[in-house]
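Structures for review follow.
The same chain A turns up in both complexes below, where it pairs with chain B and then with chain C.
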Partner chain A sequence: MIEEKFASGHSLIHQVDPKIRIIASIVLSFAAALCDNIYIAILYFMISAILITMARLNLQDVIKRLKPVFWFLLMIWIILPVTFEGKIIYQYHWLKIAGPGVMLCLKITIKSITILLIFTALIATMTIASLGNGLHKLCVPDKMVFLLLMSYRYIAVIEEEYKRLLRAAKFRGFSPGTNMHSYKTFAYLVGMLFVRASIRAQRVYQAMLCRGFNQKFHTLDVYQPNRLNSIFLTCILTAGLSLVILEIIWV
Partner chain B sequence: MHISEGILSGPVLISGAAMAVAGTAIGLKKIDYDRIVHVAILSSAFFVASLIHINIGPSSVHLILNGIVGLLLGFAAIPAILTALLLQSVFFQYGGLTALGVNVVVMAFPAVMVHYLFLPMIGKSPKLTFLGGFLAGMFAILISSLLLGLALWFTDKNFLETSLTIITAHIPVMIIEGIVTGFCVTFLLKVYPEILPVKKK
Partner chain C sequence: MGIEVTDISSVIKLENISYSYPGSDIKVLDHLDLEIKNSDRIGMMAPNGSGKTTLLHTIMGLCKPESGIVKVFGKVLKHEKDFIPVRSKIGLLFQDSDDQLFCPTVLEDVAFGPLNLGFSRQDAIDAARKTLKRLGIHVFEQSVTHRLSGGQKRLVALAAVLAMEPEVLLLDEPTAGLDNKVKEKLIYILNSLDISYFVISHEYDFVKAVTDKIFSMEKGRILTDDDMQIHRHEHVHKHGGHPHSHK
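After this line comes the complex of A and B, so read on.
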């Protein structure tokens, strides 16, 4: 279920320090999210496409990952044009399509895909361990980084527990349906999952104490400060800033 | 229950992020180091539980369970849910960075409310326990969908119909979450009462 498919690569993006990538993706995503002009949104989209190309990701996988967004966008395209008020551009009996609604849908589509592509190109291309490392260097509290790394570590384990519980239920003839019995079974299953998680947490914590855990995680991958980092950050910041200025002048 | 990227306006995104940061700071302060592993592993359980699909007629919904996380963790639910959401967006691309703050507010703030509203009911009697769990599960989703609707409405008043559609669509989810949380709390109290922060009589 959980794989860091994009994290293993040797592209230019993969070599940039996680810290720099996190800053770049925050700046670019917010700039894109706050942009209100469709032409400029297209420019942001082009930047994100360039980043994806630079990261040399498999395009099919990238599109597959965007699937949940496509469903959401489909819903928006169905609801918004009909419910929005404004100039009617098309009418079929009672069905009225409003111009501003369509425009907004278009803008949302471009912006949401852009932001997700930026995220994929810059953040999904690092392992969670590097993400934790980067966040730590950016002064995110130790506890938060700890939570992230620890809960990532145990997702696979807990999922295995869940599969085991579900298998046991199925062996006993459980077939999920729309009835109280199914809901009750799932509730007990979830309850058991929480119980096992909690008991495991105690064990893990004791084991950590035994091994001298002193509330710190040490990272093993070291990113050397090099020129690539500063060039990359400068390019991203210049691109973002110039688009923001362009939008201000445009209006 | 996620708000996608690219929809909300600047003020909504920024106030969402600010509220999420404040909530997370309070939550982190309440977790001390001997409980942090517990919170982390419960947050992975929350992540996994949200992948469980439950049949409802011909279609299916996935569990959200922010109600039960709230009951178990109180304020610590905010960083726990933030962690789960961040991991979800890294693995499944459910959301990106800009809407993360708003999504944390939408999912985690109701969880904290539920903790203070309904935890006192739990453990009093079997009926009250189930009722408390049911209300916690239902209320958490209700407030979440209201917050989600509000975020859209603050962005643009024209989103009113969309917001109402989203809230209506969540009514069956509220009932299912209520039932599941009710049974789940009853089960936890029988099997492993230490997990619930309920004061023993």
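After this line comes the complex of A and C, so read on.
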């Protein structure tokens, strides 16, 4: 189930037009991802921290959202320092920890957390509907936008259908194992799921036609064009650009 | 200039409609005739698979009949584009509310129809709010549609249909899977409507409470009141001490 925990706030960030927020998050995350200097990466991290503070999000929830990336980072921290070539900073018998490996880990950690925080602050603070609306305004093809909105709406329904099918199988004594019968059963389940999903898609489309759908999606939330949007975008672009220039001069 | 004579009281008229599913010889609708007039409140009770849903979909132009004429508000509808303006005047409540509620929030879903009708944003919101309030479900306005309960979903779907201010309502098993409380609410809502409607249901009590006439379907044709007598038959046989027979 997709939660929109952060979408219902009244902070400054929440008032910025989704379109502006999408642009800002893309620009900032690309700039952060491409930077190669650890100090500048820390500056990006600080910008993302400021954005999170501005969005007035519950810090505990934000950290909970970062959990999957922590696992990924842990794996990197275990593998990279011992496999990297370079100056050895610590040696214990055959285990050698290389300086450049640790540095790379640090950079990856800071950058990935920064990008996630930027997206949490800017994108997770809007509803999926607003996101769709913002993407539409940025000239993303309608089909892509519909795909996003419809997936959001029907993922829960399809999950329910899958659970129902699996339950029905279990009630008749099915217990999954590593044998042909289990594989076959799962293949049937998935096949059935596709069939049902496509039939449902047909019915949903019929229901939309009945209510006068004419290939156009209207949305209710309207963000007034105000000065906040341009100020916000200017700030983000200036910050990003100056950091990029700083890095070029520095190196 | 000739004046086209149309029967104003006839809202929906099906003449000689035949339909069978692609790849099947069995006629789901077989030379079927049906007329729904102004302020008609018709119930339809018929076995599963007798073509009730197909009938409603034919009226909406979602199923194209092999032969016969579909007339809505006196106009013959043949092609997809003929049906488009008519669909907003006929409200169809689907069997599964999940099919009908596809917008993220309740308010957006109810406003979807009015927005398609060309309402301004504010007018659409007002129309949606008014309808939600009328059905007593305005507290769910900002709720996420897929997290509602089955009963709430059905009422929101009904609100979504009513927000377009249809002139006829077609309801496809509106009580399926609902508890008595929601059923009673549905009965109350339907009885307070002043538009004509056509209800498909398997529940005699419900159909009796909301309609004036009850039709049935058999072999792809409609049976009207005159052709049949539906009556409720319920009694307890204690120890089987009083043998009797039914006609």
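The working rule: the second predicted complex is superposed on the first by the 238 of 251 C-alpha atoms of A that agree within 3 Å, B and C clash if a C-alpha of one lies under 4 Å from a C-alpha of the other, contacts with A are read in each partner's own complex, and residues count from 1 in each chain.
Throughout what follows, a contact is a pair of C-beta atoms (placed from the backbone, for glycine too) under 8 Å apart; a residue touches a chain by one contact, two chains touch by 3 or more.
Here the structure is a predicted model, which means the values were calculated and not measured.
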Worksheet item: Fit or clash for chain B plus chain C once both are placed on chain A?
Response: fit
Worksheet item: Who does A:Cys210 touch here: chain B (first), chain C (second), both, or neither?
Response: second
Practice prompt. Figure out whether A:His218 sits in contact with chain B (first) or chain C (second), or with both, or with neither.
Written response: second
Worksheet item: What is the contact status of A:Asn37 with respect to chain B (first) and chain C (second): first, second, both, or neither?
Response: neither
Worksheet item: First (chain B), second (chain C), both or neither: which does A:Arg200 touch?
Response: both
Fill in: First (chain B), second (chain C), both or neither touched by A:Ser11
neither
Worksheet item: Touch check for A:Phe186: first (chain B), second (chain C), both, or neither?
Response: first
Item to complete: Scan A:Ser112 for contacts with chain B and chain C and give back first, second, both or neither.
Response: first
Worksheet item: Any idea whether chain B or chain C touches more of chain A?
Response: B
Discussion item. I want to verify one number. Taking the Cα centroids, what angle sits at chain A between chain B and chain C, in steps of 10 degrees?
Written reply: 80
Discussion item. I'd like to know which partner A:Leu66 touches here: chain B for first, chain C for second, both or neither.
Written reply: first
Discussion item. Tell me the contact category for A:Ser25 with respect to chain B and chain C: first, second, both or neither.
Written reply: first
Response to the item:
Overlay on A puts the nearest Cα atoms of chain B and chain C apart, in Å, by 11
Fill in: Overlap of chain C and chain B interfaces on chain A (superposed complexes)
4, 128, 150, 152-154, 157, 200, 204, 208
Worksheet entry | chain A residues within the chain B interface of the complex | 1-2, 4, 25-26, 29-30, 32-34, 65-66, 68-69, 72-73, 76, 79-80, 83-85, 100-101, 104, 107-116, 118-120, 123-124, 128, 131, 141, 143-144, 146-148, 150-155, 157-159, 162, 176-178, 180, 182-184, 186-195, 197-202, 204-205, 208, 215
Worksheet item: Hey, which residues of chain C end up touching chain A in the complex?
Response: 57, 60, 62, 84, 87-88, 90-92, 94, 96, 98-100, 102-105, 107-108, 111-113, 115-117, 121, 124-125, 144-146, 160-161, 164
Worksheet, complete the sentence: Listed in rising order, the residues of chain B that touch chain A in the complex are 4-8, 10, 13, 24-25, 28, 31, 33-34, 36-45, 47-49, 51-52, 54-57, 63, 65, 68, 72, 79-80, 82-84, 86-87, 89-94, 96-99, 156, 158, 160-162, 165, 176, 179-184, 187-188, 191-192, 194-195
Worksheet, complete the sentence: chain A residues touching chain C in their complex are 4, 127-129, 149-150, 152-154, 156-157, 200, 203-204, 206-214, 216, 218-220, 222
